[in-house]
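To start, I am sharing the structure in question, which I have written as structure tokens.
Order of writing sets the chain letters: A, B, C, D and E. Residues in each chain are counted from 1.
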Amino acid sequence: MTARTTNQKAWWLVAPVVVLVAFNALVPMMTVVNYSFQETFGDNVFFWEGFKWYEELLRSERFHDALVRQLAFTATILAIEVPLGVAIALAMPRRGPWVSVCLVLMALPLLIPWNVVGAMWNIFALPDIGLLGRLINGLGVDYNFTQDPTSAWVTTVVMDVWHWTSLVVLLAYAGLCSIPDAYYQAAKIDGASAWSVFRHIQLPKMKRVLTIAILLRFMDSFMIYTEPFVLTGGGPGNTTTFLSIDLVKVALGQFDLGPAAAMSLVYFMIVLLLSWVFYTVMMRNEGT
Amino acid sequence: MRRLKWLVPTLYVVFLMLPIYWLLNMSFKTTNEILGGFSLWPTEFTLDNYRKIFTDSTWYTGYLNSLTYVVINTVISVTAALPAAYAFSRYRFLGDKHLFFWLLTNRMAPPAVFALPFFQLYSAIGLFDTHIAVALAHCLFNIPLAVWILEGFMSSVPKELDETAYVDGYSFPKFFVKIFLPTITAGVGVAAFFCFMFSWVELLLAKTLTSVDAKPIAATMTRTASTSGYELGLLAAAGTLTIVPGAFVIYFVRNYIAKGFALGRV
Amino acid sequence: MLLSWMAWTWQTAAFFVLVALALVAMGIWEWRSPGGAPRRGILGLDTTRGDRLFISLLGAGFIHLGWLAAFGAPPWGALAVSVLFAVAVFRWV
Amino acid sequence: MARITLETLRHSYVEKPGSDVDWALASLDLEWTDGGAYALLGPSGCGKTTLLNIISGLLRPTEGRVLFDGTDVTDKDPVDRHVAQVFQFPVVYDTMSVFDNLAFPLRNRGVAEPAVRERVTEVARMLELDGLLARRASGLSADGKQKISLGRGLVRSDVNVVMFDEPLTVIDPHLKWVLRSKLKEVHQRFGNTMIYVTHDQTEALTFADQVVVMLGGRVVQIGTPVDLFEAPRHTFVGHFIGSPGMNILPCAVDAGKVVFDGETVALDSPPRAVPAGTLELGVRPEFVRFAPDGIAVEVVKVDDLGRHQVVEVRRGAHAIKLIAAEGEAIPSERPRIAFDPRRARVYADGWMVEGGASR
Amino acid sequence: MTLELNGVVKRVGREVHIHETDLTLEPGAFNILLGTTLAGKTTLMRIMAGLERPTAGAVRVDGRDVTGVPVRKRNVSMVYQQFINYPNLDVFENIASPLRVARRAEAEVRSRVGRVAELLRLTPYLRRRPAELSGGQQQRTALARALVKDAELVLLDEPLANLDYKLREELRDELPRLLSERGVTVVYATSEPTEALLLGGHTATLHEGRVTQHGETREVHRAPVDLTTARVFSDPPLNTASVRKAGATVHLSDRIDWPALGAAGTLPDGYYTVGIRPYHLTPRPLDGDAVAMTAHVLVAELSGSESIVHARLGDSTWVSQSHGVHAVAVGSDETFFMHPGRCLYFDAAGRRVGG
């Protein structure tokens, strides 16, 4: 009798959530769709443009550049944060007084408002008065994230790693804690190597939580706005102008609502597709 | 090698603490000292920056505004999510799986552009620049998260517990409040923590939906940064203070965080 | 509540009404014959008819984008391809 | 395969054990011969799993030594002890096929692939897993998974000892006896030394040649199943093994005579002297019968189990259970019972008192 | 109280969990539902409790149709196989909870909880949380909560299955005593025939969603109406074989036969299925009619006070059950005695025939 029972009245229990979320999600979503087919010059005056914005967008250099930049950024931070987070989780003690201390300290970056994160890193990395900037320049490396594109990029990535790796650590650690001792004991007796233990016991047990971690990080990094905006303002040049920053430039800077809306929707679809594919592939062999 | 295992988390924590230390360091310096040169710790230790924040109402109301809408949001999110999570964990109903997935997709839309309709929506219903507006808007991503975390905790409670209560004569609301909620307090704690956290750290929507009366601290900071030039010490002090509430909250749920994730259903 | 700021056009309204009708239709279908006809299709995925609708819609979106990038407006060709795609999805996936 | 010797073994999970209760395992000396089948039987918390983990090397004893064939292995890791262990809950490597799961312990030790193949096939056939070898282990039922765990324990031929920690807990009751007998068969086939930990009397008695009954970190009796049934050395053994368990009645010993509630009970081997401590008379329900010249009792309850009847009678404040044959008439008028003089025994402070007179 | 099921059917999707069933519980007595896992015991019980609604048919209490009445409006109590207690309440409040819901006076709650706790030997643990108790104590708490309510119908769904066998023995002894004193109607689901026999009362045997027989427990065990019931009510499994009756002899094979005693005596010649209970196939003869046969020992199982031997006879495996713990050499040939007068015979349709 483990199966959930069918009961359509359950909709009443879900109704408040549906109403609240639909209100916040559907109305703006529909509005953005409406924008994306029209041209506006303010004052709520709109002109039908059909698929023009989509057509222009899909053929524009700027869009391709921003997309490539965004994909590169997301891929980079995933490639760093996931293995790093897993490695740290593996090295954490399973029990003992240090666990809570570690967890609390590690969760701190997650709790800092995003613009404070940006500001903090700005101060931290400034070449003249920042600890990091001074340190790197002291090592003889020419580093200035406000002028040098490479420095800016690296700083943005390091900031994101600083900000979000802890989430992966927390999730991976939770997965590791759910492995019963018997598995480790059996592996010991079977003579498994440390790699085998990781590959065949720890990794499979972390699969579920890692899926969540990767999905969350993927979605959030695709939408990243506040931190890099505060840190670099998208510059120097356009080197750290990721999707959202670009969108704001278009939508608010130039007040081109139509193209910005079309762009948002295309991005939304890309995220939806990638998330769905990833989710489906990861969960394919679960349970059967 | 096993001996050195503790080094990995230690180094990581040190890495995490460095920027925070620098922020703290700055917050105790005078503007002159900050701009005057580089020092690893404040030579002219001062609390002026903090004093300013606690006495100047444009500053401290920012904190109060933020705390107000975060708390309202946490309450709304968890309250609405509780029955929904119960439904997902106990019943099958038309479209349940797709509803769940739809809830999760609400993290996928780029907030930068969606902020504009949000602004118009909340202006249209006359809630612009109120705490409740931000609190409601943050439900967009917090409710799905809360549903998801709570559902995991609820599914680990056997269905037979509900039935035993009904057999004993409890009505559903009474059972839910008296028996079920206390059973999943840890889950409620974890869900509340995450709602608090994401509402606290979010700026874009909060900034868009407020101007004066409900302006969050984070927005006060960005505006100060642009108007008063480089008052870095003050900014650092304000930044440091934004970390405090989060640290406070996490201390209470530290033992359940790991568990909260492990239980969640994908 | 004033709706003018939502910038409605009859085309987009029609589109949303169609999507809503599709959802209602799926609901009625599910009500009439519950279970969602789960199966494992050619992609090796376990899908119900709700999943298949989702795949069709998402696919249609991308077909339209591809068409616009390649041939430009109007996207009638894309619409035709999307319908074919949807039929294929409901048949085999 | 090896002879296993445990020398004055003690273990405590407490940092600085003081009183008796701190010891999960009180001083223990044991010698197990090569190729035997042993069971550790006792209620939960009696120290049997602790003992098992000490032998396998997952736990280091606080005091004492573990010897395999006379060699001290106390400080060796499980890998170097060449032991195999099956746990209470199935441990399978989800990412691997059933075949790879079974081959895992062999491959880790560099066994050549043809030998691996041969050995895995043999074990799989015995556990009736041969049809599933290509399947992924994660998709199997709990039964199937536990069979894999068993298989991994049995697949190595060079092990000193194979240990089972309540391996049938998750198995469906209707399949239990199948696996129980399979294990017995495996033992006879491979001749490994095997140690089986359980709280289930049927599993222990069925599997083992020698059963070690434990209580509170101590061994109370080591013996064959027949010994444990017919001559329990401790009232706990009498109570724990058998259903219903042994009747335990207060008694007195006076001048070579055993007296229960004012009635003299005839015993073949009564204690010679009056033993010290609380005295009890222990007799299994199977060895109590209605007899016209016995002790007067009243019948409280009769449970007809079809194959026999369990009768509860009362003498004063003492309840006594006895077993009557199928269809046997239960006397209603002044029933009297008698104890089998060969099987009734006197216990002092729980321990059996050796009889003096020969039969 | 009387509880009746009239033509109750339960379908979930296309699967039938309960086929059309009529069942009247014996009021004020132990009613046992005996069957293997998935036989439908739990479903039937949940329908009786009102936790599930039958697809068709009616549930009547004292003649009144209560089919749609939700469980909390009925006067029932239930105990599950898992140890279900309210984790946030201590043992006292756990037991008291049905009384609290019914808004009984504090003094009454105290005295009633005290009494039940005393009966179930929970008094020392009243201030503990369920998580701090052993399995046996947790299940006692659940039982106490079911008892304190004074429900007319007490439903016990394999309440002892998850306990160690010694504890199970103890509670099994106590249960009928505790419940029969109150004169409530009890429904007790179990998958173990021995447990059913120990509890006595009335038994309904279930197989694949059908009630195959309902009657006094010993009677159902002694005289099953068909082969299915006999199988359900036999542990270790019933020995069955195809036999041919010719005149005064029953032939199992060319070489093995026995006189047509007992039930076989009145049967016309022909083919039958014989059912021999494991305890009627013994290493020592039980009576003078015993027929000796030699079989090859495959497995010997020793429970604490019984020996169960699986042996090969011809091309089928038979099970023998006997008293005491005997050392039997696996692989040897042993002599077993079967008792022709005690065999059961079934016709081609599976109905029991003869005597």
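General observations
Heads up, the rule we're going with is that a residue touches a chain if its C-beta (ideal position, glycine included) is under 8 Å from a C-beta of that chain, and two chains touch if they have at least 3 such contacts.
Note that the structure is a prediction, hence the values are computed from the model and not measured.
Ranked by number of C-beta pairs in contact, the top chain pair is A-B.
When chain centres are set by their Cα atoms, the one at the greatest distance from subunit D is C.
Centre to centre, using the average C-alpha position, subunit A and subunit C are separated by 27 Å. Note on chain placement: the centre of subunit A and the centre of subunit B lie 16 Å apart, centres being C-alpha means. Inter-chain spacing, taken between the CA centroids of subunit B and subunit D, is 56 Å.
The set of subunit E residues that touch two or more partner chains is empty. Within subunit A, the positions touching two or more other chains are listed as 1, 6, 27, 31, 272, 288.
Residues of subunit C touching subunit A in their complex: 4-9, 11-12, 15-16, 34, 44-46, 54, 58, 61-62, 64-65, 68-69, 72-75.
Interface residues of subunit B, counted against subunit A in their complex, comprise 5-9, 12-13, 15-23, 26, 34-35, 37-38, 40, 76, 80-81, 83-84, 86-94, 96, 99, 103, 105-114, 116-118, 120-121, 136-137, 139-140, 143-144, 147, 159, 197, 200-204, 217-218, 221-222, 225, 232, 235-236, 239, 242-243, 245-247, 249-251, 254-255, 257-262, 264, 266. If you check the complex, the residues on subunit E that touch subunit B are 49, 51, 70-72, 76-78, 80, 82, 84, 86-89, 97-98, 101-102, 142, 145, 149.
Within the complex formed with subunit A, the subunit D residues making contact are 53, 56, 58, 77-79, 83-85, 87-89, 91, 93-96, 104-105, 108-109, 136, 138-139, 149, 152. Contact residues on subunit C toward subunit B in their complex (touch as defined above): 1-2, 5-6, 26-27, 30-31, 48, 50-51, 54.
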